[in-house]
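Shared between the two complexes below is chain A, which has chain B as its partner in the first and chain C in the second.
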Partner chain A sequence: MTMHLLAKSDVPRFLSALSGRFEMYGPQVHPESGDVFFDLAADGSRIRLDAPIPVNSPKFAVFPHWERILSYAYDRENKEVKIIPEDLVRPKALVGVRACDLTGLLCFDRFFLGQEFVDEFYRAHRRKIFIVSVTCTAPFPQCFCVCTDSGPYAAEGYDVNLTDLGESYLLEPGSEAGRALAAELGLAEAGPDAARRRDEAVDRSISLFEAKAVENKAWISRAVNRLTTGFVKNETWEYIGKQCFECGACSFVCPSCSCFNIEDVNRQSGGTDRLRTWDSCSFEGYARMAGEHNPRRPVEDRRNKRFFCKLSYSQSKKYLRPGCVGCGRCVRVCPGDIGMTNVVTAIRRDITG
Partner chain B sequence: MDMTRNAAAVSLPVPAEITQIREEIEDVKTFYFRFEDPELERSFPIRSGQFVMCTVFGAGEFAVSLPWSPEQDRRHLSVRSVGKVTSALHGLRVGDKIGIRGPFGNGFPFAELSGRNLIYVAGGIGLIPLRSSIVHALLHREDFGRIILLYGAKSSRELMYRPNIEEWRKRDGFETYVTIDRPEPGWDGETGFVHTLIEKANVPIENTTAFVCGPPVMFNAVIGELSRRGLKDDCIISTLERHMKCGIGKCQHCAIGRTLVCTDGPVYTYKQIKTLGETI
Partner chain C sequence: MSYQTGVCNFCGTGCGHLMQVENGAVRGVFPSSTHPVGRGRLCVRGWHIHELLNTEERISRPQLRTDGALIPVFWDRALDEVALRLAGFSGGEIGFWASPRSSNEDIYSMVRLARAVFRSPNISLQSDAWYRSTVEVLREGSGRPGAYGSISDIRNADFILVVGTDLTRQNPIIASDIHFAARRGADVVTLSTRKTQMSRLSGTHLQNRPGTKKMVLAALAKVLLEADRGGASSAAVSIEGSDAFLKEMEGVNLDRIEQDCGLPLPTLRETALRLKAAPKAVFVFSTGISGLNRETVALIWNLFLVAGKAGRDGCAILPATGVSNLAGANDCGAGPGVLPGSGPLPDEAAAARFKGLWGAEAEIGPGRPVEDLLADASSKIKALVVCDHDPEINLYADRLKSLEYVVYLGSYANPFTDLAQAVLPTTTFVEADGTYTNTERRIQLNRRKVDPRFESRPAWEIFSALAARRGAFWPFRSSADVQEEITRAVPAYAGATHAALEAAFGGIQWPLGAERPFGPFRFVEAGLVSGPAPAGDEFPLRLMAGKSYYYWHQNNIMKKTFIPRREYNALLLLYPQGLVDVHPDDAAALGLRDKRPVRVVSARGAMTPLVRVTDEVPPGTVYAPYFVGAMIPDFLVPHAGAVERGEDAVIPVRLEKV
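Now for the complex of A and B:
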């Protein structure tokens, strides 16, 4: 595969070429708070390839927080119903996607497209997506992708991957569309030492990641083993349950959480929208049925399901890997201090309160 | 929109017209319907034990088991008014439209049941998801050994499908036992909980499969009695109910442990149910 060099001074031209044919999504720095959000960019030049890891994952671009999946109008007088499918296909470029978040998207692909049924709404979003991933040449304090085999360098799933080599990016096309873009921009071919410099950058990054992961106590594989074999004490789940505020933030920031709710909402002007919204298994009403029977009422019953879903072997089969991609966002947002790494620690040490 | 499987009715509900409504018992009505699309009306292949997602326009969508037998019955759904959407359904009249997605789920494993005794044990509206299976078994009577229905409800007013039961009772080779919890004036049938009928019917254990469906208390009592008599866990079949939003294994609301009721179920053996690792 031919690799190219993208001079940093050429990044605006690169972004502008994508802007011409895609809605642009990427990391942007909030002017006041300084926080980085992965968001729709009004203008491609606002995307910062060198920004720190965004507080949110890019999953909303293919799986929106809420969206209309269809609408209908029922005229009860004349008994006529009109069902209108939604056109969800819009070409989007996701630029500056980190390896962990890209792994999350690949989990989505396997789950939404690769099971018994295909999720047509997801497929519509996914059909025309162009992905520019970036190698993380240094970890952020929350990160542990080296423990979950999902970074810091993306192995697959991108159209173009960029690795910062100092004065320029190494641009590796991963698809026909990526190759076409490189050709169209007339980018110089990378010299024979480029791959070596990339590997050095990745190796250096991994060694820095390892230090972070030790600090994070992210020994995921041990927890995978204990969850899969069921050797987690009830008291440990009760402790985790007690810490949970049931806010759902962990699910919402997670690159691989994909539970959703569906609700029909009547418009003031007549007609009904069928909305699909993000949901979280931490919510009390998640499994509650009509008639109030709730098989998952106790919070610890709901909490252990999330970690079971992320880490147990049987659940991992749906993604062909563990569901956790090591982005560390749940650790950052959890007000009860039971983000993934803390739960892993609790499971490993049988912490019970 | 591009549909890969069962093109019409996976992602989008297809319209159907309510052609008849029958009051069954308090809060339960049966809605007969036909599809607007003549192609679907001609062929909407289901397996006994599957379910559909039913849209009540303007209210929402709910999962509901299929009581009809494709070989004999007109299509219908029997629904208890219990929440927002089902009570909106109960407000509909003949001629109104509903939407259907499906059918979904695995269905009863009839291919493995040939030659066996079939015991149907139902409590209250638990008879609804077993109805199509009973009709199927009766239509293929020669394929099975003894066929026994043990049915119980709190009172005679809460017995589902009474005309059907009377009709089945007259059939040769169909043993019917019906009980209500307490004696009441005018009731000359059995009284007591449904699991006591297992003894009265002298239920066979060898070469037997039991279908059990009803509220949790009844379910546990029946399973306990059948197990005590030696019926193996993998010879007990039930169909589970869960909050469902998509029907196709994506929304995850119906997860029980490692299984999804919508695509792996809703029909499970008791052996499978015991390994789910979560309350049913």
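Now for the complex of A and C:
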């Protein structure tokens, strides 16, 4: 598709075009805590495309932390149950999505839409999403997307991708809707050297990982190998498992973790809500089966379930890639210091204690 | 932005979170990566606090008991009735039972209502007497009634001693800090009878016999004294209180230590010397139900002194509070023997302060804890005002039933309302402004983020309204006004107004501003340390009672979440009758099998839980995590004394195969 240039001075106009037709989400700096959150924005003025990678992944826009998926009421007189579907899903624009997080969304698509069953609640959100991704022209300390093949440039999945070229962004439409938006804004076409300049920016970014992305180095492919061939010692899993505090954080922050829980809650005012909330395979009750049989009782088994899901070859076949997209978030929130990269290191080096 | 800053309200670690608020309702929660305590982490409870806040199992309306049933009424009617009925009792006849989950403003207002309006000095916090004595030990020893040092000291510590309870369960994020310290090379020593996750994450586990914790602490101190003896400086002797301390230490026989505690003397000696050599040492211990008693805490403090850590940079003693505002509730006077911010009563300066603040009529003398009044058949207690009851063990069911008037204030549906004549719905911590004080004296403001659900009102507002009905017109129009009075009533809180706290993300540790110097440091009397009673033939095993992970205060609160409730139920599914941990050797000797029932018999009671065979307990020891209701009346109530004495208490039992 034709590429365009979006002058930085034109960004507000670009954002207001989006906020006119979508609920707009994007990276914002919290005024008190300084945390960067990917969050709903009343208008474009709070969105910071250059903010560091947000603490939360944008997955919650399509997979909310807490969501009513339907409600029902029992009508005593007529002895019937009335089901009230939720149709509050409004179109959303996700602006400033980084390549890792976009890759996470694509994993979600394969999980919720690409298998035998299609998850209609996810689909309701997903159909109405407009994605503006950004190329990371420099990595953050926690990043390792180059090891997981998910950045710093998003190859697919966006409606529009932005790459910072200095005075302006290179705007690449990735869908018909993206192309239409560019046309509507009357953006200038990018010159013939645009693709080269973008590739240079991406190459420069990759070359900066060594010096800037210092928190995490992960030789993912090596770990994938060992996991797939079963060459991981039990003691290594025990070493990892005993450090897990079973908090669930790794799943909650992960852009590609999709475990959920369903609960029916009776309202005091009458009627019942069916809720979907986040869940995690690190919890014992998650895999509970009838009777006493729980296939994942010991905590080290539950831990290795997560790493199998993220790294093993069979799982990769499902997502068409490894489940870990290299965002580094689980490393920062883990009370047990067993984020993905430490686990990969433990597996690679057979660390047992 | 839909994410609003706040503080987790479960345990006393005080992790900072951001609550996701959409369309006037809480929809999610996230850790704050910049918060000084949590630094990006929450535990399983903190990650599900939005589930609790959304529960439909709330007390929704004010209710009065009429013809045996609780009937919803309008607020005015309920307040009129409660004020009138309480006025019919003398001060000594009313008990006030405060909750360590309440905000400082709510606690302070309750204390003021009790003492200045109904003239009752009988105020206590449910189930946390040991924190009070912990604070008194620290006051006597360091001159300041609170944690010595900060949680952040863990980060730079060379040596960390963890005493007692599994911190990874009680205060997981403090435990996480210790784990990180261990990974960067700190020398972490855990003293506990059971193997726990905390002990597994420690470089050294001092696995003592049950009931010998004090002996081990005393032995460590004695080793240091002996190492020091003859040294010209003999530092300990120059510290105030050393005479009594040295005398206590004379009673410690190091030669018998291995026999009594099950720990080899060389191990203890080595550990003590490592402690002595470490420039920065931090001690952490738990308070609350599995908390330590006064003597044990005194020994911990004395060890800190002997090791030369008091007054040194980077050294700390942290009594980890198991409930969110346990520390603040104590600071704000929720105890029969203190006024807000005072020392033990009588306290002249405090008396003058409160005569000024509350009027000459206020009752400023010492009272008795509500538990004592309920337990004492001859006490005059007739009425009770209770906030957010979440007891471990309801010991006084019969006495409670016989009271003439019980008022219950709370947010969540609670079986305690069955005993109440009046029930008043209160707001949760996201529905009203309030301050909370964590383990390390950090005062933090939780802002109101959503409208009060149902008809709930903040407790301070309810107490104000009751006071007004008794002719006392308090100058509070907001909780900020209450906090402003607290800053004058509690000297250590001077300056901690809502405005100041609002401006300081992550809160402020008291005392504010110029740090009043500690000291003088002194040894605190710990009493003579004796060995454990030998196990008899009839009851050869020692039983300890304690927490399990998802179990929390009979789970009244956890049962209103989804995920923590499910995890608790998973444990129930495996062990529906409750469980006791038995060492494989004991199990083999007695022919016991995993997940099979066993009869646990003591001199005073019996129960039949299931066996969990595990080497987490040493041979000769049985551990009962009390998460199942039936274990409580059948067995633990008759042993309430032992359970309440905390971790050091053991119950002699025998196991019978069934």
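Methods note: the second predicted complex is superposed on the first by the 335 of 353 C-alpha atoms of A that agree within 3 Å, B and C clash if a C-alpha of one lies under 4 Å from a C-alpha of the other, contacts with A are read in each partner's own complex, and residues count from 1 in each chain.
To be clear about the criterion, contacts are C-beta pairs under 8 Å (C-beta built on N, C-alpha and C of every residue); 3 or more make two chains touch, one makes a residue touch a chain.
These figures come from a predicted structure and were not determined experimentally.
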- After the match on chain A, would you call chain B and chain C a fit or a clash? fit
- Is A:E263 in contact with chain B, with chain C, with both, or with neither (first, second, both, neither)? both
- Expressed to the nearest 10°, the angle that the Cα centres of chain B and chain C make at the Cα centre of chain A is 80
- Task: Check whether A:V118 is in contact with chain B, with chain C, with both or with neither, and answer first, second, both or neither.
- Result: first
- Task: Considering only touches as defined above, state whether A:K242 meets chain B (first), chain C (second), both or neither.
- Result: second
- Would you check which partner chain A:P85 touches, where first means chain B only, second means chain C only, and both and neither mean what they say? first
- Which of the two partners, first being chain B and second being chain C, lies in contact with A:D279: first, second, both, or neither? both
- Taking the superposition as given, does A:A180 touch the first partner, chain B, the second, chain C, both, or neither? neither
- For A:R76, decide between first (touching chain B), second (touching chain C), both and neither. first
- Note on the structure: In whole Å, chain B and chain C in the superposition are separated at their closest C-alpha atoms by 9
- Note on the structure: So the chain A residues that chain B and chain C both touch are 261, 263, 266, 279, 288
- In the complex formed with chain A, which residues of chain C make contact? 1-3, 5, 16, 18, 20, 22, 27-35, 40-44, 46-47, 50-51, 54, 56, 58, 60, 168, 172-173, 175-176, 179-180, 183, 197, 200-201, 454, 505, 549, 562-563, 566-567, 569-571, 573-574, 595
- Message: Show me the residue ranges of chain A that touch chain B in the complex, using the header's touch definition.
- Response: 69-70, 72, 74, 76, 79-81, 83, 85, 111-112, 115-124, 230, 258-264, 266, 272, 274, 279, 281, 286-291, 295-296, 301, 305, 308-309, 312, 314-315
- Query: Which bits of chain B are touching chain A when the two form their complex?
  - Reply: 1-5, 10-13, 15, 17, 55, 57-62, 82-86, 95-97, 99, 241-243, 245-246, 248-258, 263, 277-280
- Task: Quick one: which bits of chain A touch chain C in the complex? Just the residue numbers, please.
- Result: 28, 30-35, 37, 39-41, 46, 55-56, 60, 64-66, 242-243, 245-249, 252, 261, 263, 265-268, 277, 279, 283-285, 288, 292, 294, 332-337
